[in-house]
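Below: a set of structures, written as structure tokens.
Both of the next two complexes hold chain A, though its partner changes from chain B to chain C.
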Partner chain A sequence: MLSLALGTMITITSNHWVTAWAGLEINTLAIIPLISKSHHPRAIEAATKYFLTQATASALMLFSSMTNAWSSGQWDITQLTNPPSCLLLTAAIAIKLGLTPFHFWFPEVLQGSSLTTALLLSTAMKFPPTTILLLTSHSLNPTLLSTMAIMSIALGGWMGLNQTQTRKILAFSSISHLGWMTIIITYNPKLTLLTFYLYSLMTTSIFLSMNSTNTLKLSTLMTSWTKAPMLNTTLMLTLLSLAGLPPLTGFLPKWLIIQELTKQEMTTTATIISMLSLLGLFFYLRLTYCSTITLPPNSSNKMKQWSIKKPVNTLTPTL
Partner chain B sequence: MSLIHLSFYSAFTLSSLGLAFHRTHLISALLCLESIILSIYIGLSLWPVQNQATSFTLLPVLILAFSACEAGTGLAILVASTRTHGSDHLHNLNLLQC
Partner chain C sequence: MALAATLLHNAYFCGRCCRHKALQPLLGPLLSDSLSKSYSSYRRPGSQPEKKTTWQNVDLSFKKSIEVLKTQLGMLKKETEDHLAGPEGQSLTHYMLEQTRVVWEFRSQEDLNKWVISSDVEIGGKSEVYLKLGRNNQTALLYGTLNTEVPRDGETKYSGYCSMRAKPLVGSFARKKYYDWSNFNSLYLRVRGDGRPWMVNIYTDPYFSHQKDDLYNYFMFTRGGPYWEEIKIPFSKFFLSSRGRVQDDQHPIWLDKISTVGFTIGDKVNGPFQLEIDFIGLLNDRAHTEEFAYETYEKNPPL
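The block that comes next holds the complex of A and B.
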């Protein structure tokens, strides 16, 4: 856990490619035992898939920085001049973050790990590659990034529609939020950071609520109102905030991104991504419906199962 | 000079193709990963030779240290998957389908 913080700090504060790569490697190595802690076959399989994809992406990133160094003579992160290495770097960061078309590992890895590890995987592990993307965003190909972002939002919405496992649903929501973050990165990187912070705050509160009621499936979510009713209502609000409904905080990044895109004369893109986020709205609404609005078919009296350490997420939806 | 560049670029490309198209065993994927790192190491060790800048000779050693850690982790994962799944065949890794 400490080495995760160390690795993240190393990558964020680096201006040489090798230190950035070293921080990413430290992060990968540190989270593998966290994923595979439970010795369940699914956890080991998730750890294998995670390790292979992340190691490939790190090696690809190092190779792109090396070709850039051979062609331009310096190792600075902000000066990436060689076009093939920009392309390879975009591919490497897309693999690391889980953008389409490299998203296939993400739902399975999230499914195989425990809820707190999944939280770390979706929020903290996305932070260093996002930082590198921010540092190099002026030299990357905007068309490629926008295409990957639109496909991510589309795929995150579509593939999340048939899921009943909550971790997979959150994985697909993560993929589509990454799409929203990537689409604006070449025009206004501050909006990317804002989206990332708000997304990680909301996802943290959802994961922690799910962790305290231990809901891994949609059917468990239906009976979670008996365990902690207050938590359930705030879970509903947070889910709707993640979907991006207007009075809640989650609407803010979407609004600003659409505004920025229309300023840059990309109105068709803005329309397309707003339409595609309706798909995500469907499964968020389904989660909300199952958790708060309906009662389960069998009768269940008020069960007090275990003492819950209440996280501070009762305030985050009202942020 | 560009012949040497061609050698490690092609080594990298071949290794990454091997990693992408591995079919039966997990260990072949780990081997290709190691050869990717090795080609990067060779490319990086030529840097101080070419530029006569001896302060960059630490870089390949650092990369080697990190990649050794990573190889160790890969092997540990291989052992763990052999313990839980029975072999390292890749079509056994299908517990987490949608």
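The block that comes next holds the complex of A and C.
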């Protein structure tokens, strides 16, 4: 855990490529034992997949920084001038974050890890690559980033439609939100940061709520109203917030991004992504439908859920 | 103890050979033949000699490829419609309310074609196994003779197993599909055996990873009588084994990515066996509260 914080700090505060890469590597290595902590075959498979993809991304990033250093003679992150390096870096960051078309590892890895580790993977592990993207956003190809972002929103919405495992649903929601973050990064990087912070806050509250009731699948979510009714209502509000419904907080980044895109004469893009996030809205609504609106005719027979593992954080979702 | 060890040792062979047999019709002769050829040309006593080489099997006709493309696109369209409908192709309310589901039943030859049988003939043994439809096309009958005579190739120590395994689900363009049984917690089998003990094996996803030999097993003890038995095996009772060896580090089976289910007999008794199966289903037993039957203590307690 400490290594994670260390790695993140190193990457965020670096302006030399090698330190950034070192921070990312520390993060990757630190989270591997967290993913495979339970030693279940699926957890180990998730850890292997995570390691392979992140190692590839790190290698690509190092390669791009080296070619940039070769051609321009300096290692400053903000001075990325060589076009092939920019392309390679975009690919590397996309793999690290889980943007389409490099998103395939993300749901599997999230499914194989425990809920708290999945939380870390969705929020903390996204922070260093996002900072690197922010630092280099002025030199990256905007068309490529926009294409990847639109595809991410589309795919995150489409694939999340009939998932029954909560972790996979949150993985696809993460991919979708990453798309929103990436689409505005070349025009107004501050909005990306805002989206990221709000997304982290909302996802943290959802993961922690799910962790306290140990809901790993949809059927467990449906019976959680008997265990902690207050938590259930706040969970519903948070889910709708993630979906981006006004007047909840999650609407703010979407509104500002659409406004910024319209200012940049990209109204078609803005329309497309709003339409595509309808798909995401559908499955969030379905989650809320399952958890709060309907009362299923059964009650779960899992003994574990009667124990609340930590005090319920009902305050965060109401933000 | 010895019985369990033998059963599991045979399960390893059966598992390994079954996999080739199960996936052969799906992936073509490309996979299995290349595996046998890349090591040596030694052929085990029981395996069939290859009549046609791999490259002779390729069919390059245009019309056939158009038909194949049409079938695959049809499957893709159906998959998209199922994706829109809800989990596993049914609506969400159906998913929320279902407590039982029949996964495999045996009413026609097509249902039988979803299963693959194998025995120790692959390693040179002499057991025989056959699968046919029972009376009135209502059941499947798995029958044969078990023969524990060890093949004389100098390295095999035990022999005598027969098994039946379901073929994995294949989606459009030969992609893997899995069963999602997370809504249920027991396996429900309606069988009529002959008193012999069988082993039920469940294979979950990982084909292309280090865990490709992982199998979850449990035993099914049949009565001999003329009456049908309804055997419920909760998933919490399945134990993890790899290549036939029971693992020390036990974990419960995760039901969200099930690939195949199989039955094996290998109880070291020479003689005929019969198993008649009506259907294989799933049940969400509300009265069953056990999460996992093994290793429930904490293995490394904090001091």
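Following the convention adopted for this analysis, the second predicted complex is superposed on the first by the 303 of 319 C-alpha atoms of A that agree within 3 Å, B and C clash if a C-alpha of one lies under 4 Å from a C-alpha of the other, contacts with A are read in each partner's own complex, and residues count from 1 in each chain.
The criterion applied here is as follows: a residue touches a chain if its C-beta (ideal position, glycine included) is under 8 Å from a C-beta of that chain, and two chains touch if they have at least 3 such contacts.
All figures in this text were calculated on a predicted structure; none of them were measured in a lab.
Of the two partner chains placed around the shared chain by superposition, chain C is the only one that A:Met222 touches, whereas chain B remains out of contact. After overlaying the two complexes on the shared chain, residue contacts for A:Arg286 are found with chain C alone; chain B is out of touch. In the superposed pair of complexes, A:Leu161 makes contact with chain C only, with no contact to chain B. Put simply, more of the residues of chain A are touched by B, taking chain B and chain C as the two choices. In the superposed model, A:Met1 lies in contact with neither chain B nor chain C.
Once the two complexes are laid over each other on the shared chain, residue contacts for A:Leu278 go to neither chain B nor chain C. Of the two partner chains placed by the overlay, chain B and chain C both lie in contact with A:Arg42.
Touch criterion met: A:Gln111 reaches chain B and chain C at once. Legend: residue contacts after superposition of the two complexes on their common chain; A:Met9 is shown touching neither chain B nor chain C.
Shared interface residues of chain A, touching chain B in one complex and chain C in the other, are 39-42, 44-45, 48, 111, 162-163. Interface of chain A with chain B (complex): residues 18, 21-22, 25, 28-29, 32, 36, 39-42, 44-49, 51-52, 55-56, 59-60, 62-63, 66-67, 69-70, 73, 107-108, 111-112, 159, 162-163, 168. Contacts from chain C toward chain A in the complex involve residues 83-88, 92, 95-97, 180, 182-183, 204-206, 209-211, 214, 240, 249, 251, 254, 256, 286-289, 291. Interface residues of chain B, counted against chain A in their complex, comprise 5, 9, 12, 16, 19, 26, 29, 33, 36-37, 39-40, 43-44, 47, 51, 59, 62-63, 66, 69-70, 73-74, 77, 80-81, 83-85, 93, 95-98. Residues 38-42, 44-45, 48, 111, 158, 161-165, 217-219, 222, 286, 289-290, 294, 296-298, 301-304 of chain A are the ones that touch chain C when the two sit in their complex.
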